[in-house]
Amino acid sequence: MSLDINKILSANGIAAVIRQDGPLKVFTPVSGEQIASLNVASAAEVEQAVITSQAAFAAWRKVPAPRRGELVRLLGEELRAGKDALGQLVSLESGKILQEGLGEVQEMIDICDFAVGLSRQLYGLNIASERPHHRMMESWHPMGPCLVVTAFNFPVAVWAWNAALALVCGDSVIWKPSEKTPLTALAVQAIFERVCTRFGAAPAGLNQVLIGGRECGEQLVADARIPLISATGSTRMGRAIAGVAAQRFARTILELGGNNAGIVCPSADLDLVVRAVAFAAMGTAGQRCTTLRRLIVHASVYDQVIAALKNVYQQVRIGSPLSKDSMIGPLIDKAAFDAMHSALEAAVKDGGKVSGGERVTDAGAHAYYVRPALVEMPAQTDIVRHETFAPILYLLKYETLEQAIALNNGVPQGLSSSIFTGNMREAELFVSALGSDCGIANVNIGPSGAEIGGAFGGEKETGGGRESGSDAWKGYMRRATNTINYGSDLPLAQGIEFSV
Amino acid sequence: MSLDINKILSANGIAAVIRQDGPLKVFTPVSGEQIASLNVASAAEVEQAVITSQAAFAAWRKVPAPRRGELVRLLGEELRAGKDALGQLVSLESGKILQEGLGEVQEMIDICDFAVGLSRQLYGLNIASERPHHRMMESWHPMGPCLVVTAFNFPVAVWAWNAALALVCGDSVIWKPSEKTPLTALAVQAIFERVCTRFGAAPAGLNQVLIGGRECGEQLVADARIPLISATGSTRMGRAIAGVAAQRFARTILELGGNNAGIVCPSADLDLVVRAVAFAAMGTAGQRCTTLRRLIVHASVYDQVIAALKNVYQQVRIGSPLSKDSMIGPLIDKAAFDAMHSALEAAVKDGGKVSGGERVTDAGAHAYYVRPALVEMPAQTDIVRHETFAPILYLLKYETLEQAIALNNGVPQGLSSSIFTGNMREAELFVSALGSDCGIANVNIGPSGAEIGGAFGGEKETGGGRESGSDAWKGYMRRATNTINYGSDLPLAQGIEFSV
Amino acid sequence: MSLDINKILSANGIAAVIRQDGPLKVFTPVSGEQIASLNVASAAEVEQAVITSQAAFAAWRKVPAPRRGELVRLLGEELRAGKDALGQLVSLESGKILQEGLGEVQEMIDICDFAVGLSRQLYGLNIASERPHHRMMESWHPMGPCLVVTAFNFPVAVWAWNAALALVCGDSVIWKPSEKTPLTALAVQAIFERVCTRFGAAPAGLNQVLIGGRECGEQLVADARIPLISATGSTRMGRAIAGVAAQRFARTILELGGNNAGIVCPSADLDLVVRAVAFAAMGTAGQRCTTLRRLIVHASVYDQVIAALKNVYQQVRIGSPLSKDSMIGPLIDKAAFDAMHSALEAAVKDGGKVSGGERVTDAGAHAYYVRPALVEMPAQTDIVRHETFAPILYLLKYETLEQAIALNNGVPQGLSSSIFTGNMREAELFVSALGSDCGIANVNIGPSGAEIGGAFGGEKETGGGRESGSDAWKGYMRRATNTINYGSDLPLAQGIEFSV
Amino acid sequence: MSLDINKILSANGIAAVIRQDGPLKVFTPVSGEQIASLNVASAAEVEQAVITSQAAFAAWRKVPAPRRGELVRLLGEELRAGKDALGQLVSLESGKILQEGLGEVQEMIDICDFAVGLSRQLYGLNIASERPHHRMMESWHPMGPCLVVTAFNFPVAVWAWNAALALVCGDSVIWKPSEKTPLTALAVQAIFERVCTRFGAAPAGLNQVLIGGRECGEQLVADARIPLISATGSTRMGRAIAGVAAQRFARTILELGGNNAGIVCPSADLDLVVRAVAFAAMGTAGQRCTTLRRLIVHASVYDQVIAALKNVYQQVRIGSPLSKDSMIGPLIDKAAFDAMHSALEAAVKDGGKVSGGERVTDAGAHAYYVRPALVEMPAQTDIVRHETFAPILYLLKYETLEQAIALNNGVPQGLSSSIFTGNMREAELFVSALGSDCGIANVNIGPSGAEIGGAFGGEKETGGGRESGSDAWKGYMRRATNTINYGSDLPLAQGIEFSV
């Protein structure tokens, strides 16, 4: 395996730059072996990065947005060229199967294309003014250095979602990747620097990667020179960031925990349900924030659905994510495995009936492959309401759609959700104000696998941030409302008289 | 005077309902006399209000938005009918002159008209999907109970900005007015209840007023059942709210301190400048969040501008806000007066040259009328960078526009700002990404007196919230991204293959 | 009956102003009797009206849009006050039942409310420019005098749709109502003048009514000073207007013929279908442009649907529209009756089986009441593809949804359409790019009865115009794209170099 | 020269495919020599092209818009790769200098990038419905085959503006280029076919070029299967198209004549004015639709501006557009030269004082190079109000800005316009409702050289169409308003009751 690793690092242009003597050990979940030991940024280096980022911002905001878009277009070009290599590295470092590694890079490419289009838009409004000889308008301006904190499970796409928009919007970027996946970040940074060279006029430090742990993150989050923090990760982490940022009136874009449900109605296309659930619940070994974690099935089709799922769960191919045959790769690490097993134990205590969930040990002692678990639950107990980042699908039974929606909404998280139905009244109710309370509510597809054209994010403990499409770009800019008086009178709004 | 107070209370329909034996003493700044002593909401009453608001929300969100708009239209009608009476009460309780009291009610009316139009919009987007037989859309849904915290200086308009939008968006409202101005809140609530009666189908408790102090506010801010807090007030208060809200992932719309500057360029129309500055700096006795607090004048016109302003400042008529003659009413209370004088002392220490600022004592010992102060400063010292909520205008001199913009931006607050110039290059630079860093940036009008069609709010310590026009309504709703699959295939985004 | 007519005319404030000695005879379809004989505008009067409208435009465009909105708000108020009276006049003159007469006035009120909201929007865009020190924006400006041509079947609502937007947008209006319904136009003009008096600052002739026939219309359509023509009526009329207007590059908003179908799927809620079809096909005696004219029923439910409809068609109450009992009023005149009977004859020739369609003669020789007709057709023959403005519903059978959609689209008109289904795949397909080709495509409601929040209009021979909601207001304004250079360099777009 | 031509044809991949024995003679204005003689499409070939286009449309509209965007992205890539070659061919065939030939290709590239972004937007609206259990939305769907008629002066960019949007919007395209510039069209078609091969899944005939003259155009314009015609050219041609299209209710996007003015105010930066005027009036040898044709100069700076312009006009380098030295290439043909000289004669008759305008004969008898002409006019006479497609700049003097704006607006055309001023009041007035009546109104840049981010087009005889940025894409799609009832009740809009 070691040979493959070096080939992947080389293909990504980082073999030479990776230190092997730093304090941060990087492991591949594929085999559990160590693949690098990196330095971490010191407090002084973090400080310097912020200074650099401020200077980069001061220069970058002067570059017209469509020119900034050209840099992002080149980024898309280079990502296309490096897609296979980067996709492999994503698989190697995060453990997701190659199809998903490539899909993640495709998502980076898609958001670049989208951001290029935005670079000639970034529309403010001209607004009718109530006063003669006055014009009102709304302008959107660059914000400043933007801190992007990413998680191991989407080690590069989430950066791209944020950076493509932030760069087009005129912001500089400081990227703090997960300690578990620093190599993909370095590989992307290498691509980014190639892009800057081609572009020619990007300020130094426009995008910087800071490898480090909690202290590094805390230093950045507390820094008053960073007006914008986009963070993806656990609710616990998000809560900490939110508190600190709020004290200094920084803006946050938070993408935190999800506990995503699907509702299966009597009229659902069950063949489609099974395929959708399989990918949504087992894909990425259950380690997507949008992974399907709860399936709420109508009593009339419950047995049929369970049987079909059990069949699929038993057959799904588990193995090295770099192998074309595999559909399920490893968990990220032992802690993830332990958490999964604690959850299954708790579920059993609550009356749950588990099938699957056992470890698959072919890849050795330090790699944590598991067979995904189905857990039939008598009720939505505490463990079900808790997000366990592993391939556990809780199964619940319902009688009325109102019950099912109440179960869907009856958790602290609010990221994604689905309904499977052939009935238009059920479908519409689910996406109405009385339906799902999540930021994403789908019909006849699973809760995961969003397209970049829509706004991505969720409510409640998911944090409320929105990234990617729709008007998510506004999160990376500041808004100014301008009133221009081009007359010589000075009428006051609301008809007030005040003559001196 | 007492007689007038009763007439005003009666005209507002609250004479009968005001308790005179409660712990909360209400004074009029006009004379300093006490005009009511009200009960405050107990913890149990606050709890009950939240429960009621949740139930009101559950019913109100089912009412189609254009019907909700009809209620707001009726609110506009009733406010038109009660404009004179309510405008007088605003003057009486907050001390602003009658013209401004009426203007404040007009602003309530304007936002109602605007919100009625919105009630048939609340536009989400339909978005092109990358997958065959898929449709993507964005839906905006009601949020839940919305807490509105208002300040004494706009005791009713700020509620209306928030409530008109929140109600049209399907939210219920809990209003905690300033302890200094509870009577206007009660008067508005009386109007609101009249509206509900006419409307016929509003749930009980759709808008509730809770009179109380800090404990009441803290209880509400901490309540997990309130997903949205819109708060106007000091940066100190906003910081506290922001921290608590962030911990529980509630959304906040904060309108906090301003320290608003105007730049006077050599080409400015100086006659217009003087009129604009007079209203912006002295109006509402300097107690608007958008009050002009710093005037940055080009050296070539500095002497001329100062002389003209001194002339106006000496002549401006100070007196009872209920008198038609008055242009400047009282400060809200002794604390405001003390803060003003501390600030002037600090300014003198920093080398400032004060003219004006002296107390005007005609109205008796308990009313705090002052002559507005002009303070020529040698530099933008700490006291200048601090918001003092009183009619102090600091004067600074500049040589280059870049200097002037640096001064404009060199404060912690980011609410409003103005440039006065006849030069199109200067005007455009000021409203560009390199110009003012404030949420409001005006040309040839002062920083105050926004129209409701634009988004109102500011950056940095101002808190980042936006209210009123443009797409500020989105702040009162939750967004859902929906993907609808109406085919029988299940293509995955980003071209991923995952066949079970 | 004569007495009632005078009461209705008086209540509308036009009894006194109606001439009884002019060449234009006005009849009520209720009884067929003459109710007025009006003067028609001479060529010189038309010329004067255009001159007046130009002057009104020149003044009106200077009034800030939110102030223009205030006039429209007052129009809404006056329409509310006069709703009952005007609704009765609509019934009297057009023959629609009182419920629909009142509904028509309500639609006027709704569009006023909506337009008031628009008056603080009329949003142009600020657009990111590719050049440093450049700003791009899009401005929307008033167009000029707007000619509104309306038809008898919505004698006042269509004016309101156009006028409320046109007035808010800064245009003046010349209204040419149908020769068959001039009285309602005079009544609305009386209301409008009352509004102008209250408003105080409207220029003379802001909205003018010109009573006249084809010559009057032709003179106006050909007049180069009128940049915008909004015309509702027959395809024949629209074609003539379109040709003349195109030659002089005038803009047109055309709302012409419809031949609207509904598809009934096997999963449809048949009870709902019957109720929906009854209103859509028989309401307004089949004289809406959105009337349901073709019902395309799946073979499996065909017999059941036909039987249920026959039952309803036999029971529906036909009679004076001013009576509360009536559900179907008269046809507008003898020509309409003759056209209906020609169509039924043609349908029979093509193999159609007619039930209903017979004249109901209780109201005397000059009133044309008919029982609505159901016609089972073996195929979509020429007569089915032709719009007959009368209560004829052709019934067609289908086997596959593709067939049904092909039938729906297989006519020259493209206004409105519906599907009735409980199946989400069918519903979504129908509103997709592969579904209905009409401007309106509904699910589980009939093709008529649009809300004012959406854009109203259709494709193909319907003329392509859009009125009412969404961004239909842009049809009443001209767009300007502005690029502002505030630097001293002069970079060219697309990187062109050209140095002199 | 012949050798170069072959090299250019080869580099564009069309040397082999160009017939040299057809009836359509193609000349290069560079030398006047013939460079090809092409076949023209017969009536049967036109008919076949329409049939093919319909089939292509039927397939293409099923391809999801972001996938369609991918084809346009590849088009941008291929245009980047072929930019130099195609730019040369544009110069050769249209006579514009190489800088402008390259700029034209860049514009094609820019619109591709922009359209790719649009392909994930094409936003319709979700709209608040007044009825419970109802949802309203607006969908945008592909239209059908789109006819694009282009002119010689932008032989490829105008196609790209239209085709990039049309293709992303799901339409097929039939392109009828100018008879004077068919080779560039063939070259672009070769590129397009390369793109289709790379893309893999484009239907045959998605974009077709039809070489032909007036009959070919007339056949296409009259064809009822083509719902959309986008035509750029003379007002005469546009009027003919508009009339025919209107009769069959086809949609048109017309970009016709311009007669674009610039106003030079006393405060203008005269150095910038001279540079801007030089490019705007002389660039492309005065053969842009946005060419500056009238300069309206304030009396106080008139002499100074004229003197500076004369100086530039005498020095500007005229010669082969393929030479790097040249700034002005040839007129397109003898007819253009004759028209120019007729215009100058007419101007002299009207009292004009001409400088320049003489023929430059170095390139031989069949090439028509001219020195651009300045004509000082005593008034805006008929010849000034007429668009002559040649480098003539009429100079007019003004005293008040109102006069200048009246002159600007006092022509039948309404495409583009500029003001040069340092005064913000003048700048704002010019872009206000009371300013320029053109579709483009610029400040401190000339009337030509639009960026693709804005909507391009003009009012009055310019035809009213809009292409390129902002929401111009809506011109290539049809809009549907959908109301979805997902309840079992059937409430009618406007509160109408109709119970069967």
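By letter and in written order, the chains are A, B, C and D; residue numbering begins at 1 in each of them.
One rule holds for everything that comes next: a contact is a pair of C-beta atoms (placed from the backbone, for glycine too) under 8 Å apart; a residue touches a chain by one contact, two chains touch by 3 or more.
Predicted model, so just to flag it, every value in this text is computed and none were measured.
Colleague: Using C-alpha centres only, name the chain that sits farthest from chain B.
Modeller: D
Colleague: Have a look at A-B versus A-D and report the one with more C-beta pairs in contact.
Modeller: Top pair by contacting C-beta pairs is A-B.
Colleague: Find the geometric centre of each of chain B and chain D from their Cα atoms only, then give the gap between the two centres in Å, rounded to an integer.
Modeller: 48
Colleague: With centres defined as the mean C-alpha position, give me the chain A-chain B separation in Å.
Modeller: The separation of the two C-alpha centroids amounts to 35 Å.
Colleague: Just give me the whole-number Å value for how far the CA centre of chain A lies from that of chain D.
Modeller: Between these chains, centre-to-centre, one finds 43 Å.
Colleague: Could you tell me which residues belong to chain A and also touch two or more other chains?
Modeller: 62, 66, 110, 119-121, 125, 127-131, 134, 138-139, 424-425, 427, 432, 443-444, 451, 453, 469, 484, 486, 488
Colleague: Mind listing the chain C positions that touch chain B in their complex?
Modeller: 66, 69, 73, 110, 113-118, 120-121, 133, 135, 424-425, 427-429, 432, 451-453, 469, 484, 486-488
Colleague: Note which residues of chain A are touching chain C in the complex, please.
Modeller: 62-67, 119-132, 134, 137-140, 421-425, 427, 443-444
Colleague: In their shared complex, at which residues does chain C touch chain D?
Modeller: So the residues of chain C in touch with chain D come to 61-62, 99-100, 102-104, 106-107, 110, 125, 127-131, 134, 136, 138-139, 141-142, 170, 227, 238-239, 242-243, 245-247, 249, 251-252, 254, 269, 272, 274-276, 278-279, 283, 312, 315-316, 327, 427, 431-434, 436-445, 449-451, 453-456, 459-464, 466, 469-471, 478-486, 488, 490, 492-500.
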